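Please find the structures below.
Paired with subunit B in one complex and with subunit C in the other, subunit A is shared by the two complexes that follow.
Let's look at the complex of A and B:
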């Protein structure tokens, strides 16, 4: 870890807002540097980029026959990959952030500078966000490059929309991870909880809903909204909507959603995702600001 | 009065050549030209606009090189043919009325042996309507429908009791169907039909040969109903995704044969409803590619006597299923020891004869649940749904009875049929630039941290 840049501290005297912004950026840069130098970051970035590129290239050979349908295949595989890897990236990185720094004493050192807890929190959040966006972009860039060169580009718009949705998802998951981090006593506990939360989002939530639907004949509207409340499902449905065009294909629940929400369907789903991006991070910030521990 | 010069060149074969000058100012009276022409004459229309709403009541050839526009003025039918042996060639026909019950059409034919070739029809309710016009030819026409709400559209091509007609190489976009009522021995070849309701729709039409058509982005690619011995071969059927969309739907069909079709990216590849309807008749599905559909083949319960072999089922979200659950009893998935290729086959071929040594069994727990609880389709292709199937395999105690058993699955997919049209999409500059920008962003982020360290 590198020391906080001194000049910022000296310039605090001018306009407070600008000073605060400068402090956040300085902490973010330091956090970004730490993230990029960490093994975690490279592991995720390389694994994601490789898998995405491989998926894009195995899904495309049928494109002469299948036209844009094979792009649908690429997109569906990519969405499944994102559903699994991207939340894990965000959650683990977020969960380790504050808890690990608290444990190692780095947080105490950081807060001994003339920065307040709000600046420290959002600085860390911003730095990690940029790191995660870079990792996600590398993966999507690799998949997009393969797709663009080997055709399937009829739906460039859909591909780019999925990318943006994945960005939102990764920041949302970072927020959840940081929420875990501010509450956890130890970094290892935070990591464990993060993995469990990931399991709940990706598998247990869906399996639970499936089981409930099968066992209790749950009404389709309840099933749909309970599903959309899960950020990873919100991402999947929004992504599906952007490359299939309609959620009709998802059976009765999808048809219900299309009928009931009409043109508001996509804004609602994306809205859920955006709420997940904002609320956990704000919750973590409030907790971090009021907590006395360093 | 209008200004026009009529040049009648009486050549050996009686060709009549018409050259309206100053045509741009006022439409020429085509009906008068028709009335003046002798039966069997050839009217060569020069460039210009002609008034529509005409009736052809004698054998006649009316032709142009695509520069003569016959404008119906958005009222009624543009050209009505009441005499046999009429040829319409190279015309632009535009602006029919929009009244469905009057069947306002671009070209409405009531007599046999007409040839309608190389015409362009624009802004018409019905495009080409053959009503009791057997032995006709409808070839290389381009038909664009009126842009109205789907329930108010007419059919791009509609044939009624017009046996032995050839419909070939037409391009139809929008509109409702290309529909064939009570027409036997049709030949439907090389047409490209998109953005309609039912691409090709057969009603009580026996022994049709349907070959090398492209049916793309309709609600249903081809709906075959109440017809016998229809052959559907080498068609490209893709993106037919209406709420109840099918690539090919068969209802009360007998003796249909689907061979070497490409069924790709539809909601349902093939839908079977009471087909074959007669006991003792088998239907064949051979050499078709079912790929990337939501459901490869969907059966209604109690559909029997269908034989599937040498087909490839590749990455359909649900390979095959029975609506509402149940098994495919009474249908065969192998013929003469040759089965189908299944992309999710997990067996092996130790003796190397190209045929899997263990049967392909469709027994996914998720699929099984889906049959009875269609609402959980919401979770199709999620990691959770896959986990469920994995669990069912690991703990066979909850393994459902297989729906399909293919005793001789093919290890390698049969060579895919040659597509009648190339759907290959162009490399995309937008995506290329976007992807490079994304990777550049990642690189810049990484480099920015390096630079800071060197300060």
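Let's look at the complex of A and C:
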């Protein structure tokens, strides 16, 4: 039998320094590999790409004649699609991340290596982020290809801005999902909470807010800020603003926003999205880092 | 090499470790022995920094909390519950483990050869038997050639043959001068592998002694299941009773309760009485 002792007896001594540099990247690569092996991931990516391509095709009949109006229809359709699918992708993948590994014992295996919890958390976050960005890009790539073929790529800048906003949204939702994951005891519970949160963001935020506004005669400024506080609504406003150029189309609330915030309007909305991208992830990291047991 | 002092761990109102203390010297092999729930696994998890605790845990002079990464880089760990990533292949798990420790694929190939995993390198973890998972866990633990091994019930999921192989391997690892902390409830493993046993119950140390002395210290008893010819059962029981051994009959043979260190004496009694033993099992 071969000797168990490693040929280089000094290996152990230099492990910590080398491992420190590589841990996050190694964990991220593993998470990305896991996502790519997952049927769910492919289901999301393919469904999103197909729907986006179909929407782009349907919204662009005779687009060489219709010009920017046709692009507006495509963009509006894409924004509606992103609002539904992209948050669900980020939330469910994030919710499964830590909770599933904790439940299976794999997290204990990971943390028995020379890896600290900060590296483990951000490694997982990085790997899932890359996977989600790839899935979101597949959808936009499909839609972009159809749009470019049929309308000549005249609106490439606006299209790219919406793509970047969708990236920010999916990373924000990943952070929310991971926040759920670090608190949940079981992966199934994390998934259930993630779906509920998705429903709350997508439907309750919209319909509930409208109902509340009518019932309580909510002032227009409060209505605007309550709307913007919802990351999915913030994405919608930012995306619409990026290709329509004005939020007046949103009615009194939009008109108020344009009047009150002026040129600061878009930075405020995008800032809200960026905060959603940062704060839940940081909250999840703090919880994961300070959790007592694995 | 391992120094633990005043180690206390509570889960809510349940105290799992109660001011536990021990020292393991360099190149020493020590067993934590005790029933389920004694706190053996929790000691190992505290050393690895996997759980929060009160007290002091140091490995190679490094605090297990503030220098957790450095501690874990010196330790190879085989868990009781063998959990990896079910969808990954054997070679991918080892590559991942190696990359976290700063090693390349050459060392992965070495441990794959060492643990005879070559035929299984592309199998998914979910497809592996308990014995293969155990070999994978050991292969992963030995990638960095660590000076310290924490083996938490390392033979619990192995069949008799694989267990024999594992024990041989542990003997070699011990003989190479590694510090070994083993948790087990198998007496025979301790006898073969360790220099010292720390017996635990309810999160506390009950006694600390050489493996051979443990049975006497704790008054442990085992059951011999002896198969003899049907005509000789009465004669065998009489002979055993004459020498002070309690016995009873079951469907297949005679069951004799003996002190763990006196198994041979009961057999000598039967030999002297002229009773031929057809088969024998030891239940502990």
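As a working rule, the second predicted complex is superposed on the first by the 269 of 294 C-alpha atoms of A that agree within 3 Å, B and C clash if a C-alpha of one lies under 4 Å from a C-alpha of the other, contacts with A are read in each partner's own complex, and residues count from 1 in each chain.
One rule holds in what follows: contacts are C-beta pairs under 8 Å (C-beta built on N, C-alpha and C of every residue); 3 or more make two chains touch, one makes a residue touch a chain.
Note that the structure is a prediction, hence the values are computed from the model and not measured.
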Touching partner for A:72 - first (subunit B), second (subunit C), both, neither: first
Subunit B versus subunit C as contact partner of A:241, first or second or both or neither: neither
Superposition-derived comparison: subunit B or subunit C, residues of subunit A touched: B
Contacts of A:37 with subunit B and subunit C, given as first, second, both or neither: both
Which of subunit B and subunit C A:104 touches, first, second, both or neither: second
Which superposed partner A:23 touches (first subunit B, second subunit C, both, neither): second
Which of subunit B and subunit C A:138 touches, first, second, both or neither: first
Touched partner set for A:220, first subunit B, second subunit C, both or neither: first
Touching partner for A:280 - first (subunit B), second (subunit C), both, neither: neither
Touching partner for A:292 - first (subunit B), second (subunit C), both, neither: second
Contacts on subunit A seen with subunit B and repeated with subunit C across the two complexes: 2, 29, 33, 37
For the subunit A and subunit B complex, residues of the former touching the latter: 2, 29, 32-33, 36-37, 45, 62-73, 76, 80, 83-84, 130-131, 133-135, 137-138, 140-145, 147-154, 156-157, 159-160, 163, 202-203, 205-207, 209-210, 213-214, 218, 220, 223-224, 227, 233, 236, 244-246, 248-255
Residue ranges of subunit B touching subunit A (in the complex, touch as defined): 236, 238-239, 241, 243, 262, 264-265, 267, 289, 291-292, 294, 314-315, 369-370, 372-385, 387-388, 416, 419, 422-432, 434-439, 441-442, 445-446, 448-449, 452-453
In the complex, subunit C residues that touch subunit A: 45, 48-52, 68-70, 72-75, 77, 79, 81, 83-88, 92, 96-97, 99-103, 107, 110, 113-114, 142, 144-147, 169, 172-173, 176
Of all residues in subunit A, those that touch subunit C in their complex: 1-2, 4-6, 9, 11-12, 14-20, 22-23, 26-27, 29-30, 33-34, 37-38, 104-106, 108-116, 292-294
